[in-house]
Every structure is written in structure tokens, then in C-alpha cells.
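Per-chain numbering from 1; labels A, B, C and D assigned in written order.
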């Protein structure tokens, strides 16, 4: 994956968020505080605006810039989580202008680990982890089986979509939805949804 | 008119108010503060409850008791106005146990004068004066023409009903409705309405 | 209707009972007739200030009873003037021998009941004067009508005159001060939603999802004009401008004349604001509008005042004179002089207004 | 949606600008990043208290910045935790050399952002400790979950700890005091209506005309249970009893360990209330509920506390921690000891809480 595609991906994700802003907020209204769409929109509008100044830098610098913008402009839970995702992702690919399948895997895995460490959520807690973790596993497996970038990402995104829907019956254990206990059942997690959209845009840019 | 009928009248008016409580309040909501029905109800419930203790006294004492109860329990504009009406009415018939047409005229006239003095409203200001004043005039005229109590009161109540409706197109100049200026046009005055009901009950008790 | 109440008929009494147990150090509540008074009343030799009006405007007036403000307050039923016996008993309870000032808002009910109370108190040998507050510029006419409603300036007059009584002003001097405060104050309000009177159970008026009532009072009475909602800045400008552009206003009010021993008609005149005036800016919530929005209104009010060379030297921002759960706000501008500033700054300790002590 | 706002995106900034011009003697507002701080900061040698959280809870926290309470507050977007750079810059601005206490409400966003800020501040050589407030008994589980939300006790902790810093408590001592306040406080809230977030423009949840949400937080998040409306007395009883009957509650929280120089898990335990406990009773409006109704709730709360031999020795009644325009209320009971009482009574002078000065 070329640097240009990384920039396209971030741009596409920002656009996707704008299109799904109300939808994400609606999901958050049901089991949270009705701001996930706004939070993501605020962050990625600023993040993409900051890309121009680093477009000629390496992918690591680009992702780090995104990370810093998210951390200082989003707030809430998604700010530090997505911020940490991009921060950790950036550190393992410093200096690169193109990513192999292995780079991509390392990047996604580092991002996921960062989110796990920052948020302390586990699989099944009804958070973005429930999309990111199975998707990274699927990608890892596909790459292990020698599949190419596109096919591996296709499998990862299919898994992500399925996993996003799997959050519906879960009882939330982390984040705001956890205050609802049993009442969180029956609603799809907003953060899981935005994480799926992020991966979907990544696939579409490949 | 016998003392017993005076007691019946007061009782009937209290019942009439209960039945029209929401209606009076609704009229007051349109151009006032939505409490005229409640105010009248509170006052006349208490007033009729206090009648037992003075039922064997003269009409003057009975009306004075009603007056005192109204003054100390209604508040608002209607408290002092109806309170004053009954207070002044009571003073001109002290000691009586039965009222002639002339007594009745004197009583109503004294009540009206009291309301005029207390409230400083004039004919056409869209208040209870616009019912009381024409009704008393009609009664006076009928009595002057030698009509009996019942017929004279019938004429007075017919006039009162017409006058009540005549308040609809008026611009309020006194009371809360006056703050509305032109916007008070098109609504029947709540106090005029309760005054009509008072006279109607008086007629029905004769 | 959804409210945190029990039976609507118990609303006023239970709220007062809650208030009494909440602030026993400051106030006591008397029932039958109902009034709230300073725990340490009567204060010997001090003029006592008594106000009152319908309930539903909390914290006004009961929340302003205490040191440096009111000596007693008489709450009526919701939006209904209290009765003369409440006012009389309150006056008797707090009379420290130096007389009583009744601060009365200009509503026909309040006026008539306070006038009757004044007559009763006078006949019992208590010195009482009454001063009317009529500051609502939403009401335009004055000739032959009820004139302007008493709204936001009431709170400011109660604070300023309360401080004056603590500083030893005599009755006549407090009364003229109160009259002066009233003549220096003007208010204008807007409603975004109607209030719901507990006993009625439904909103007093119906407003569409994009409609507001401009020029409302504090009793759910309709305003001067219904219009579609505007931005906070536009609303603040409209409210402020109707105050600032209000021309001199004269009317006749009834006050008790102690020398003559009777009611006399007094001709009063508000003078329009002038460039350079020092003002107190009061942004008041009607009950359901949160503080965050009041600050947005205040922000624009500062700009409007600057533009018109009015110098805001004091402010008050919050829910001080409400209309039950109504959403909306009012702006009051009060022209201040040095005496009034010093009295405004003086210590006050009441359930709902407190500083310096 | 009808609100006194301009463009929803400007809501927080404009409200803060209004606040800044309203109280220049007490606070200043810094933009980019946004924080509110004491005009006289830094106070040399004094521990500084910094709190923060999403906006929409006004006056919390910004309205509590001033003498005897917070040194700085970091407001996020509506209902959205502020960001680490706000917290870091606020800490730098108010650091008087004696260290900073971050008071953090237990929400995943707030925790993560404050943890990042703590790490950043520490790396810049500023001594920072963080104490979590998690007092909402509506949230039952603690094992493996986020645990309880931070609500009403936050306001009380800010007042008490702020007073302690004025009296010279060092950082560790203020931190333990804050932890103790949190362990002594419990809250429960109810919503009669949903709030409307300006940027969303429609109510977060829909409640029927006779429905209420029991056990809500302060962000329009749904509560534990939807039920039909009850009388104020029943509601007060339900809120109070869920607090009084709450058994001892333990959980693990992360605090910074200064000796180890790293985050450590600390096991904390609230003990259930006991007969004879002295308590502070805090009845809070969610923003749209007027004072009159709060007093009706307080009246019943006093009876419930008497029945359970809890002695109310202090109270606070009003809109102090709101959820925009939501109608409803919360009750907080805080077990007091003599030290806490003295600190509660100590002078405070902020835009929204003031006494003794």
C-alpha cells in the first residue's frame, strides 16, 4: 500500500464519517450519550485538514499527525482510543513510504494493542475491540496463508462487519454503555461501528 | 328573597363554579394566567363551608362571612374584588332576614360600587364590571318599572349574558389581560363570566 | 404534566415546608396565614421590608428573606397574589418599630391585596408604606390601563433596599430609594416554552416547535408577539434594545401619604437610558433555561451595552425570578448610582442570594 | 429544538466567553486549549485543584473555579471529556509548586484523557495526582466493568478539597481527603425529560407523558429502569433508599503512585451508611427542574433520613450539576466528619458557589 493510498484512506474515512455522522450519533444515543458521530467528525475533519502539511512526509509521520490531532481535538473515549490506535500504528512503520502485507499487519496489531492497553477492554465487552481484534486476527491469518494485501483485507473487513453485528446481543462492560447493564443488549456499539467503517475505507482504497 | 334562598344561592354558585372551573381557567389561560377557576373554586368552597356556623344569623352577617372568607383565601384580583362585592353588599342589608326588590337593588348596587372603587375599572375595560354594571342597571330599571323580583332578575341575567359576550371584542384595560393589548381581543373575560354565573345562580334560586 | 410534586393542592405548602427545614438558620415559615420571615425577626429599630406575590417564581420572594434583604415574604397560591391577612400578619411579626415597606409588583391582584393590607396594618397602628414595581417594557400603554408589570427590578430593589434597612435608613428614606430603583430599572422577557401550572396540569399556552413568545411576563401570560425562534444573539439584541430604546415613561401610581393619612396619586417618570450610564445587568432564567444559555445571552448583552455606551458595572445571572418550569429568559438593566452600588455590594445572606457574609 | 444559542458548534465557546466577561474578578478563560482558571493563579505554595469533564453540566465545573474551590476547570465539548492538552496547560497555568490534584469523574473518556494528561504533566516535572469520583449507586456491577459513574459527590469533593488547599494541606493529604470524600458519598438521579444536545438538536431519549427514567446519569444516557411517574414523596424515597440501602461497595481504581513512579491499582471500599451518621444532603436539579420542586424532594428526604437515623447537618439545594435542559433531580448523601464539616463551612467565592466571603 502506497503512501498516497494511506492519504486517500484517511480522506475516505473522514468522508464516510460525515455521511454516517447522524447514524453513529443515533447508535450512541441508544446506549451512550449521543455524541460519537460528532466526536469522530470533529476529529477527522481536523485530522484531514492537517494532512496537507505532512503529505510529503513518511507514513509514520502522517499517522502520528493524525494521532496528535485526534488526541487534542476529540476528547471523550474515542479521542484517546483512536488517538492511541494511530500513535502506536505510526511508531512501527516510521520512515516508510509504502507498506507490505507484513507492515500492514504490524501496524494494525500495534494499533489494536494500544487501544487494549489504553482502554483495558476485553473481547466481548461491546466496544471497538470487538471489531478491531477479530479483524486483525483474520488479516493475520490470511497473510499467514500467503494471501495478498487486497484479499487479506477483504477477509478482515468481512470479519469486521460480522463482528460489528455481533456486538448487538452483547452486554456492555466498558464505556458508557456499561452503565446500562442488561439494557445495553439489542443495540450495536457505536465505536465498533466506526471501527468497521475505518477498515472498510481502508479496503476500498486498496 | 328569603334568607334560606340566599344560602341556596351561595351553595348553587359554589356548585356552578366547580362545574365551570376548567372552563373559567381556560378563559383565563387565553388572556391571563390560567387560575381564575381555581381561585373562585378555592374561595367558594371555603365560603360555603363557613356558612353552617352563621346559617341562623341575618343575611348581612352571612354575606360578610362570605366576604371575609373570600378576602383571606382567594388572593389574586378576584379575591379582593368578590370579597369587596360581598362586603359592601352585606353592609346595606345588615340585620335583614328577607330582601325586597329594593333591598336587592341596594345590595347589588353597593357590591358593584365596591368593586368599582377597589379595582378602578371602567365600563369597557373588559372586566367583571362589564357584566355587573349593565346587569345592575337592568335590574334597577325593571324594579323602577314595578317588575317583581323574579322578572327583574330575569332581565338582569339576560343583560348579563349579553354583556358577558360583549367582552369578547373588547381590548382589556385593567387586570392581567391588559398586558396583552390588542391581543386580548377575541377572548371572553373570565371575571365577567364568573359574574354572569353568579347572577344566573341568583335567578335560579328565586 | 410531569413534575416532582405530590398533590397539586399541596404544592405551595410542601415546597415551603421543604424550604423551612432546609434553612432553619435563616428563615421560618408561618402557616395560616402563610408567610416566611427572618429567624431573628423583629430587628428592633430597623425598617422591615415585606414583599410577596404569587408562588411559582422561586426563589423570589421567599428565597430572599434573610440578612440584608427581605424581612418577610408572603407567597400566594401559584401565580395568585397573596391575601391581606398574610401581609398583615407578616408585618406584625417583623415590625421592629421603625415601620414596614411593602414592595408590591404591579398586578391588579397584588395591588388591591396590598392596599387592603396597608389599610389594615395602619388601622392597627403599624407604619406601612408601599412602593410599586412596574418595570416591564413589554407593556406599552400606561394611560387608562394597568400599566407595566413588575418583574426583574423587584429582585434588585429587594436587595438594595434590604441593605439600606441594615444600614439604618428610616422608612421614608427606604421608600424613596425603592421608588428610585424602580424608576431606574427596565426589563423584557422571552419564553421558549410555556410553564405548566400544577393545578391545571397542561401548558398555559401552546408554542410550536420553532415559535417563541416575545415580551412575556412571569405568569405564563401570553406576550406581545409570537415569532419564530431566532439566534441567541438576535434575541439578546431584541430584549436589550427594547429596554435601551424605551423612551421616558410616565404614569400615576397610588401610594400611601403619611401626612394626609390617605392614598394619593403620585405621578412618576422613568427617564430613558443615556450614554455613559452605569448599569447592573441582570440575566434571569425563567426556570427551565440552564445557566450555559444565560451566559450566551449575557455575552451578547455586553456587546450591545458597549455599543450604546452603557457601562455594566455589576451583574446577576441565574434563575432568580422564574415562571415555574418555563424555558426562556429576561433581561433587566438598572441604572446605578454610587449609593445603589454600595448597597448592592453590601453583605447579604438569604437562601438564594448570598455574598460578603 | 429551541434553545438560547447561536450555532450549535459555538455553544461551548460562547457560553465560556459570556462567563468570562461576567466574572472577570474571579476567573479567566483560556482558549486553544480551553480552560478556566482563577484570576489570581498560580497561588504560590498552594496545591492546585483541577477538574474537568464534558460541558453541559453548568455550573459544574467552571462555575466552581475561584477562591476556596477549583484552581482550574477544563470543559470539553458537550458531554465529551476534555483532551489531555487542556488538562496539561491548565495544570501548568495554576501550578504553584505544591502540585496538582486532578479530580476525575469515572467515565472511560475522562479517565483515559486525564491519565494521558497526568503522564504528560509528570514528564514535564509537574507533580500530579488523580482521584476518581464514582458515586452513582444506579450502576450496580463493579467487577470487570467501568464501575460507577461520577456524579453529585464531585461538587462536594471540589468544595471540600478546595478549602483544604487554602488551609495549606499538601498534595498527598488533599488526595487522601478527596478519596475519603468519594468513599463517603453516594448519589442517585431521575429524569422526567431527556436533555437535548445542541449539536444533535433532538432529545437523546424519548419519554412518554407519564414516564420517567430512574437511575440516570448526567449525559442523557438512559437509566436503569423506565417507570411511570410517581409522587415526589415516592420518588424521594426511592432515590434516598437506593442510597441508604446500598451495601458496602468495593472496586479497583488506578491512581498514580509517586514512590513507584507509575500507575498502581488501588482497592477501594465504600462502607454502607450507619445509624447516627452525620450527612450532607444535596438535592440537585438536572437543569430544567425549578427550585420549588427541589424543596418538595428535600422535605421528604429529611423524613427518610430521620427514619433511618441519618442526621442531616448540612445541605445544598439547587442546580449545581446539570444535564443541559433535562428535568429531573438527583440526591447525594455524603457522610461527614468534623474535618469535612469545617472544610465545607470554610469561605468560598466562585461564580456559582459562594459564602463566608
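Just so we're on the same page, a contact is a pair of C-beta atoms (placed from the backbone, for glycine too) under 8 Å apart; a residue touches a chain by one contact, two chains touch by 3 or more.
A quick note: this is a predicted structure, and the numbers were derived from the prediction, not measured.
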Set of chains adjacent to subunit A and to subunit D: none
Taking each chain's C-alpha mean as its centre, the one farthest from subunit A: B
Chain centre separation in whole Å, for subunit D relative to subunit C (CA means): 32
Inter-chain centre distance, subunit B versus subunit D - centres from mean C-alpha coordinates, in Å: 56
Distance between the centres, which are taken as Cα means, of subunit B and subunit A, whole angstrom: 75
Numbers and ranges of subunit B residues touching at least 2 other chains: none
Multi-chain contact residues (two or more partners), subunit C: none
Chain-level touch network, classified as line, ring, star, complete or other: line
Chains that touch, pairwise: A-D, B-C, C-D
Complex contact set, residues of subunit C against subunit D: 2-7, 11, 14-19, 21-22, 55-56, 58-59, 63, 192-193, 209-210, 212, 229, 231-233, 235, 287-299, 302, 315, 317-319, 322, 324-325, 327-329, 349, 352, 354-357
Subunit C-facing residues of subunit B, complex: 25, 29-35, 38-39, 42, 71-81, 118-119, 122, 125, 173-176, 178-181, 183
Parts of subunit C lying in touch with subunit B, wherever the complex brings them together: 33, 54, 76-85, 107-109, 112-113, 116, 136, 138-141, 144-146, 149, 197, 199-200, 204-205, 217, 219-222, 224
